[in-house]
Structures are given as structure tokens and as C-alpha cells.
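Note that the chains take the letters A, B, C, D, E and F in the order they are written out, and that residue 1 is the start of every chain.
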Amino acid sequence: PDPLFAATTEMEMYTHLFNKMASTCFEKCASRKHKEEDLALGEMSCSDRCVSKYLEAQEKVGVVLQKANEAQMKQQQNFADMQNALGG
Amino acid sequence: PDPLFAATTEMEMYTHLFNKMASTCFEKCASRKHKEEDLALGEMSCSDRCVSKYLEAQEKVGVVLQKANEAQMKQQQNFADMQNALGG
Amino acid sequence: PDPLFAATTEMEMYTHLFNKMASTCFEKCASRKHKEEDLALGEMSCSDRCVSKYLEAQEKVGVVLQKANEAQMKQQQNFADMQNALGG
Amino acid sequence: LEQMQMKDSLSMYNNLVERCFQTCITSFRSKSLDKHETSCVEHCAARYIKMTQRVGLRFAEHQALQQKRAADAAGAGR
Amino acid sequence: LEQMQMKDSLSMYNNLVERCFQTCITSFRSKSLDKHETSCVEHCAARYIKMTQRVGLRFAEHQALQQKRAADAAGAGR
Amino acid sequence: LEQMQMKDSLSMYNNLVERCFQTCITSFRSKSLDKHETSCVEHCAARYIKMTQRVGLRFAEHQALQQKRAADAAGAGR
């Protein structure tokens, strides 16, 4: 695979992750009344904790996804081995 | 038009459709409490029916969209004919 | 920067804006019961006002975004000036 | 350009399906659409297309007005 | 093709994170996930992957059936 | 890279408009924004930009920490 493509795709993924995180933490932490032009202290500390939890959730999901991928590959390998044994 | 582009675009469309369908059927059928690691039987049969209904809805919408496109083309054709008649 | 790329990107942005606007105004103005095949008069005039408000909101947001960009650039300039002063 | 239009119309298709499914289908006790769901999906799609066309007209009017204003401003500035 | 698959799996990753975060995390009084939130996020991801696989099977069955119908129709038309 | 940034900033623009419109505009009885809606939209946009900047800082801190950890682990492994 093309290394430049891989790098671009990874960067796109991080940009996308960042945008979703910013959007979700805004929804969860910012009052929807928008009376002030600035963020209140409570809204800012809420968003700090939100980022921290979001990144932790990202790690946990990564582990689950990795395991699922490995399980799927193993299954495909078993299937290929079985076919070889039957064919050989 | 480029046939490779057309094929890629069509595949992207199916991937997109599939992702939306999976996401929607998960929302509609999976309990949001996530107490178990596995899906319950009821959740699985709900998702089978959800897929079936989703694909049927896709067909119906396709027919409506087709008709709308044809109506629009006919209108444009009429307009062009009229202009020719006036200009000729 | 590539002028063709810039033009394509700008057009994509307008397409995207248009799609979001159509989607949002449909959600806000069309009855979700879909009993008729046609739009009612009230739904159509609601959507006209919705478009008008949407484009006005887009302008207001554009001004805020512009100001934020200018503030950020000024800050970076100040920072660079300070570094030059300290380094010179 | 033609490629962008093709992408747009396919993505409009998917969005229509998703939107009208979400609005019209709420029960998953059977595997086929009933009469009520079918007509809801068909009307939803037809109505969405009509509203998109109307929104498109209004959008085009707005852009034409803006260009006229920009041209007038450029003319006045000379 | 390989590039599309890579993009798809990365976008699936982001979507999983977003979806399971939205469903499972509602309190922002601490900066770490508690036990309940952690298990909810992990189960949510595992369950979503399983449902996606099942939906994929049903979708493939449907497409195979459609191709068969198209082939039969072409055969009958000869 | 520059192209990606340009796309990002344009897509941020559209998202801001959509989000702040959805939050602030609920009535469609007039065709112009009233005072209250205008200030809501403007504050919403300004606040979203500020929160995005803050989230960006926290994200950068997190990534720096992760790279340091990875480097330390590689050093310890030697």
C-alpha cells in the first residue's frame, strides 16, 4: 500500500475523531441558551473531563475492535486450513 | 464518463447504504443498556426484519426518485422544444 | 494553491450547505405524517422563510468565524514579533 | 463536474432512504412494509424531492441577488 | 479497493467511538470512565460489531437473490 | 495538506451554521432573524469556536503524553 495514502488517511481519521469529539463535548457541556459570548468556567471544566473520557472510550473501543479483527482472521485461517486438509 | 469512476462510486454508495442500514437497525433493535456482550435472540430477529424492511424501503424510494427524474427531464425537453419552435 | 481545487472545494461547500439547508427545512416545516403526496401551502411558505433565515444565519456565522480567524492570526503575529524581539 | 453530480444524486438517494425509513417505520414485527408504511415512505420521498426543488429555487434567487449587489457595489466604487 | 477498505475500517472505528460514547457516558463529574461506563462502552462496541456482521450476511443474501432474479429474467427473455 | 485544511475549515463553517441554526431558530413566522435569534446564533458560533480550541489543546496534550509514553517504553525495552 501507498505510504502517503496511509498517512493522509490516518490524519483524516484523527481530524474526524477530533471534530466528533469537539461536537459531542459541546453538545454535552455547553448550555444551549447561548446567552453569553464566552464559555462559563463550569462549561470549560466539563469539556476537559469530556475530552478525557472520550479518549479513554476511544482506547477501549480500539481494543474491542482489534480483538474482533483477530477473531475474524483466525476463523478465516481455520477455514483455509480445513480446505487445504480436505483438498490435500 | 469514466467506467472505473462509476464502479467506485456505485460501490461507495452500497457501502454507505450498508453502513446506514447497520447503524439504523442497531439503534432500532439493540437495547441501549448494553448489559451483555452478546446480542439477544430477539435483537437478532428484529435486525433481520429491519434489514428486510430497509431494503424494501430503498426499492420504493428508488422508484419515486426515478419518476421524479423522468418528470424533470420531460419538462426540460418540453422547454427545449418550445424554444426551438419559437426560434425556428 | 491549485485554482481548480479551490473552485471544486467551494462548489462542494455550497452543495453541502444546500443539502443541509434542504434537510433542516424539511425537518422543520414538513409534517412527519406524510399523508399527502404534495406539500401543503403552509409547508411551502414555511420552507421559504426557513431558507431565508438559514442564509441569514450563515452570514452571521461567517462574520464571527472571520473575526475569530483574524484574532488568531494577530495572536500568532504578536507571538512571532515577541520571539524576534527576544532573539534579536 | 459530472462526477460530482453523480455522487450527489447517489448520496441524495441514500439520504432519502434513511430519512424516510426513520420517519415511517417504527415496528419490526413483520419483515415486509405494510400499506401504511409503504405510502408513508413513498409520500415522504416525493415530498422531500419537491421541497428540495423549492429550496433550490430560493437559494438560486438569493445567490443571483447577492451577485447583483456585488456588481452594483463594484460599479458604485469606480 | 484496498484503500477504500482502509478508509471504511477507520471510519467504522470513529463511528463506534461516537455512538458508544453518546449512549454510555452521561455524567462529566470525573475525568475517567467508571466501571459501569467502561463495560457499557465495551459491550456496545462488541454488540455493534456483531450486529454489523449479521446485517452484512442478510444484505449479501439479498443481493445474491436479486442477481439470481435478474439472471432468471434475462434467461426467460431469450 | 493545505488542501485538507481548506476543506476542514469550510466543513467547519457549514457545521457551525447547521448546529447554531438548529439550536437557535425554532419559529418560522417571519423571514428574518429577530434580535434574540441573531445574538443566539452569534454567541453559539463564538462559543463553539472557543470550545473547539480548548478541546484541541487537551487533545494535543494527550497525544504528546502518549508519544512520550511510547518513547519511554521503547527506551525501557532496549
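Basically, a residue touches a chain if its C-beta (ideal position, glycine included) is under 8 Å from a C-beta of that chain, and two chains touch if they have at least 3 such contacts.
Everything numeric here is computed off the predicted structure, so don't read it as measured data.
Within the contact network of the assembly, the step distance from chain B to chain E comes to 1. Among the other chains, the CA centroid farthest from that of chain B is the one of F. On a Cα centroid basis, the chain most remote from chain C in this structure is E. More than half of the contact pairs of B-E, counted by residue number, reappear in one of B-D, C-D or C-F; that pair is C-D.
If you average the CA atoms of chain A and of chain E, the two centres end up 14 Å from each other. Distance from the chain C centre to the chain E centre is 30 Å, each centre being the mean of its Cα atoms. Chain A and chain F have Cα centroids separated by 17 Å.
Centre-to-centre, using mean CA coordinates, chain D is 26 Å away from chain E. Contact of a single residue of chain A with at least two other chains is seen at positions 12, 29, 48, 52. Counting partner chains per residue, chain D shows two or more touched chains at residues 12, 20, 24, 42, 46. The chains touch one another to form a ring, and the order obtained by going from chain A toward chain F and onward is A, F, C, D, B, E. Chain contact summary for the complex, chain A toward chain E: residues 1-2, 5-6, 9-10, 12-13, 16-17, 20, 24, 28-29, 46, 48-50, 52-54, 56-58, 60-65, 68. By the touch rule above, chain D contacts chain C in their complex via residues 4, 8, 12, 15, 19-20, 23-24, 39-40, 42-44, 46-48, 50-52, 54-56, 58-59, 62.
For chain E in complex with chain A, the touching residues are 2-3, 6-7, 10-14, 16-18, 20-22, 24-25, 28-33, 37-38, 41-42, 45-46, 49.
Taken together, the chain B residues at the contact with chain E in this complex read 8, 11-12, 15, 18-19, 21-23, 25-26, 29-30, 32-39, 43-44, 47-48, 51-52, 55.
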